[in-house]
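The following blocks contain the structures, represented as structure tokens.
Two complexes follow with subunit A in common, the first pairing it with subunit B and the second with subunit C.
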Partner chain A sequence: MAVQAYRKKRRQELLWSWGLPLAVFAVGAGLWELTTINSESLIIPTFTETMVGLYELLFVSPKLWAPLLLSNQAMVLGYLLSVVVGVGSGLAMARVRWLEGVADPYVHILLAMPTAPLIPLVMMALGLGVESRVFIVFQFTFIYITVNTRAGVRGVDKTLIEMAKSFGASEGQTWWRILIPGALPAIAAGLRIGLGRAVNGMVVAELLLVAAGIGNLLLEFRAAFQGGLMFATVFAIALEAIVLLTLMRWMEDRIAPWASGAAQD
Partner chain B sequence: MARAIAEPVGLRRPSLPHLPVLLRGSGIRVLSLVGGVVLWEVCGSLLALPWLPPFSKVLVALRQLIENGEILGNLMVSLRTLAVGFTLSLVVGLGIGALMGRYRRVEQAIGIYVNALLFTPHLVFAPIFFAMFHLSDWTRIAVIIKYVVFILIINTATAIRTIDPSLVEMARSMGASERQIFFRILLPASLLVVFAGIRLGMGRAVKGMINGEMFIAFVGLGGVVQKYGSQFDASKVLAVSLVILIVALVLGTVVNAMDRRMTRWAD
Partner chain C sequence: MHHWWLTLIGTILFTLSAASCAPAAPPAPTPAPAKPAEAAQVPKPSGNLALKVGETAGASFNRMPSRLTQDRLNAAGWKVELVEFRATDLTLEATSSGDIQVGTFQALDALRGVQAGAKVSLVLEHSPQEFVLIAKKSIAACANLNGTRFAVQSEGSPYTLITSKWMESTCGAKPNRLVISGGENRVVALMNNQLDATYVQLPDWININAQRPGEYHILVKIDEAFPGLIGGVNVVNKDWLQKNRDVALAYYAETILDARRAAGDPKILEPTVRKYQNEADVKAYPQVYEAYNRDLSGFPQNGGLTAERVKSNIDAFTQLGLIKPGLTVEQVADLSILQDALKLVGAVQGKR
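Right, the complex of A and B next:
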């Protein structure tokens, strides 16, 4: 009897947890459709137009994938560079006292300062090619990896380090056996946050510096007044970010299931 | 299901940038900043790179911009959109976040969308907002809201959700109404974490403000950057960037100060 009641409750819960978001989606889509179906705007599409456009971009037309790949090249390169520099600098800052002091004000500045105003300077220095987009992605990303890595290493229980020392561990052994495993959750979180930042940087570079891949696609659709396709491109980019970050989150849980979750973003 | 991906920064006291930290700190921090400026001046003068004018030139450009009124006028424009956008985000963010944290049904209904929209790159929606609001202020305000509101919602929801349930039970057993529980228990207990979210939100608001303005390109401090950027005037660009940095730091300090005042009991 109790088991049946429990199963029924579980089914009900499942119904709620799927039904509610679907209902919200339906209401949202309906409102969108109703407000736009008679609109005089040349560029704002209806919900159905956008969905058709999205389907077309994802599964039918080859228009999306080449530009997406092009844009993501900059993103991946910038991200990898950021990981190397970010983890390296984070580890160094956490361990070397004077380095921490010297670099700390710049960490604060880099965290506070929007990157966008520097884009004209990047253009002057690196031109309009992939290098400048890579640099912008890098600039968006690396400091967050640094900060999370530093916090991770700093957060390792000091008594563990002392214990290692008292057992005669060398600096290298302390790093390999204690600090890095201990900092792994925070580093993984930093890598995830960094990926989000990298995608952001990719988009900003496309919109503010030079529209190369998908930024260009967006502008093309806009110029041709193809609202459905333009909105669909935006959603495709959003989807990419969601997929990447969900994957990253999944990986983060695999790497460090004991994460406590106080990441700096 | 949809999990809160952006966990609150937690009970760590403000460590995000604010002026006192930059100016105080041990001597080495100040020395480092001074050293950086000196290095900038030297490299700028010696290397003669078009994109790296010496610091002194940047200061001259800054004075010119202040004198011809471009800084002040545009600063006001920028700050006004920031104020509107941030306030709206606060109201909506804290409100929806509180509802999400308190009522599981609300979280089930919208949680997945809030998380999804938090993950997506924010500026990519600027063309959509532009299509909706054209050249009015609302485009930039919408961009700021996109940058800020979702982190506030998630943060507030987590803050409310992680309140010790025994506090609520105790209030219930003493006959408190739903309204009383909300305003006397939930709100104060979550303040610490909520303010952490507000700190994060302020940082994002400044970035949203600038990025939106640079996308629109004719208005606010971002517009000034675009103007001189297209003229390849690195000194002016850097001068405005300095102003933007100062704005970001000052606003961060203000939020931190408010945080300290309102959560003094936590220390």
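Right, the complex of A and C next:
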């Protein structure tokens, strides 16, 4: 009985976690197809054309892999740099009041600042190589990690910190035993948002700065009015983001189950 | 008895006698050669005089005669609205869907668009082929481009492929291509010593040379390397053209007249340049105007397009692999509007 009840529960969970998103996707795809099938647009393909284009890019004439690998080099480097700087600065700002006072206005500016006007400056300062693309990815990403990290540390229950102090905990012990575990859910959320932003930054850097990989492919398809292939490339980037975020979630569940609520299962 | 008919006959006879004695009328004067720009008048059409003209953002010099026409027509009661787009494909999409009636592009973009299904027709060439390949002074000739840092707009851009073809056929050079979209970004990179060569529009070259005289030079003018290559064109939405032929005819007749005015006198375009371009461009205007007429073929004075020219461009682009085979002049262009406009304003002999 217990096994049957467990299996029934798992089936329901799978239905909710997979079935519902797939159903929403199917409805979206259907609407996309219906609204574009008679549109005669030069730029916007139908869903079917996009899927055909994706199959072609991935398997028939695999033009996607080499540019994707090249673009991801900048993405990975930019993201790792963002994690180090973002988590570090978020932790520091949360505990050092005067530092937060100094940095806060700049955090707001960086959250709102558009990237396109920076391009000539970035080009002049860092050149046309991978460094400038890494910088754009970094600029897209680190501030979100910073803000979430800071919020996470600030959100830790103050009574726990006071309790730790009353038991003679050092600053290091307070960080290691109270603050970081308490802030981990917010830090994890920041890292996930940051990862999505890094993928976004990777593409923007190549469309606005130097089109080395995926950006080059997008521009090429756009110039030739190959809307199906262009959207297929965008789809592929989105699929990559989904895979990376799913992997990140899995790692989160293993390393810090309390952060993702997996411990409740 | 008074015979009235005698009086009538007498009057007639008297009149005839007086006329035969009058001195001979002087011979009709030889008509002075027509001054096409000033004398030709384009009748204002009836119908809807509202139209939207789309361009990619950035008021480059090649569009100044069009801007002059638009301002002049608006002053005469038309409603010509300029719509700027970020990219060529957006302009073409908008023209094809009828959101705008007239679009402005380079010829190859229009051909590719038609081949992709755009419901547009080429009508007129509004500016010459003005792209030039520039390089650092140390790169003296084509062969020196081998292994250098050469920036392009995109891999699929017409000028990337045209300049590649030129290098291949002239010296076989293979530079390292960097894709940097945005002419202004390429110029910044070049002047920051991050590039060795790139292609730019002639007015941009004049600005670069003014800021850094002697550091760079023109390796090749596309106009010279590929004579006959059509430059900037106007396309129109096919449905709109069918329903508003008179309006289109008048618009293009006026456009041709302004191109002629601009070609004949640098002062004509100056107010328009001051209105739409930035300070550096206004300062460079005299040199740009001179270069347009000296180094390029100048603004087309008869609309630029003929069936032969369109066909030769289709053939050239097909051979370069830039468009798929099979495109015909009839699919791409509606030359009847230009031909009718030239009947209205006359043609200038010896000009394209």
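A few comments on the model shown:
We take it that the second predicted complex is superposed on the first by the 192 of 265 C-alpha atoms of A that agree within 3 Å, B and C clash if a C-alpha of one lies under 4 Å from a C-alpha of the other, contacts with A are read in each partner's own complex, and residues count from 1 in each chain.
One rule holds in what follows: a contact is a pair of C-beta atoms (placed from the backbone, for glycine too) under 8 Å apart; a residue touches a chain by one contact, two chains touch by 3 or more.
These numbers were taken from a predicted model, which means no experiment stands behind them.
In the superposed model, A:251 lies in contact with neither subunit B nor subunit C. In the superposition on chain A, A:223 contacts subunit C only, with no contact to subunit B. Comparing subunit B with subunit C, more residues of subunit A are touched by B. When both complexes are overlaid on chain A, the residue A:26 reaches neither subunit B nor subunit C. Contact with subunit B, but none with subunit C, is seen for A:238 once the two complexes are overlaid on the shared chain.
In the superposed pair of complexes, A:211 makes contact with subunit C only, with no contact to subunit B. After overlaying the two complexes on the shared chain, residue contacts for A:15 are found with neither subunit B nor subunit C. Touch criterion met: A:127 reaches subunit C, while subunit B stays clear of it. Contacts of A:34 after superposition on the shared chain: neither subunit B nor subunit C is touched.
Of the two partner chains, both subunit B and subunit C are touched by A:43. For the contact definition in use here, the residues of subunit A common to its subunit B contact set and its subunit C contact set are 41, 43, 119-120, 123-124, 207-208, 222. Listed in rising order, the residues of subunit B touching subunit A in the complex are 1, 3, 5-10, 12, 16-17, 21-22, 25-26, 28-30, 32-33, 35-36, 49-52, 105, 108-113, 116-117, 119-128, 131-132, 200, 203, 206-207, 210-211, 214-215, 221-222, 225-226, 228-230, 232, 234, 237-238, 240-241, 244-245, 248-249, 252.
In the complex of the two chains, the subunit A residues touching subunit C come out as 40-43, 119-120, 123-124, 127-128, 207-212, 215-216, 219-225. Interface residues of subunit A, counted against subunit B in their complex, comprise 16-17, 20-21, 23-25, 41, 43-44, 98, 101-106, 108-109, 111-114, 116-125, 196, 199-200, 202-204, 207-208, 218, 222, 227, 230-231, 234, 237-238, 241-242, 245-246, 249, 261-265. By the touch rule above, subunit C contacts subunit A in their complex via residues 87-90, 92-93, 96-97, 112-113, 115-119, 149, 154-157, 178-182, 184-185, 188-189, 192, 194-195.
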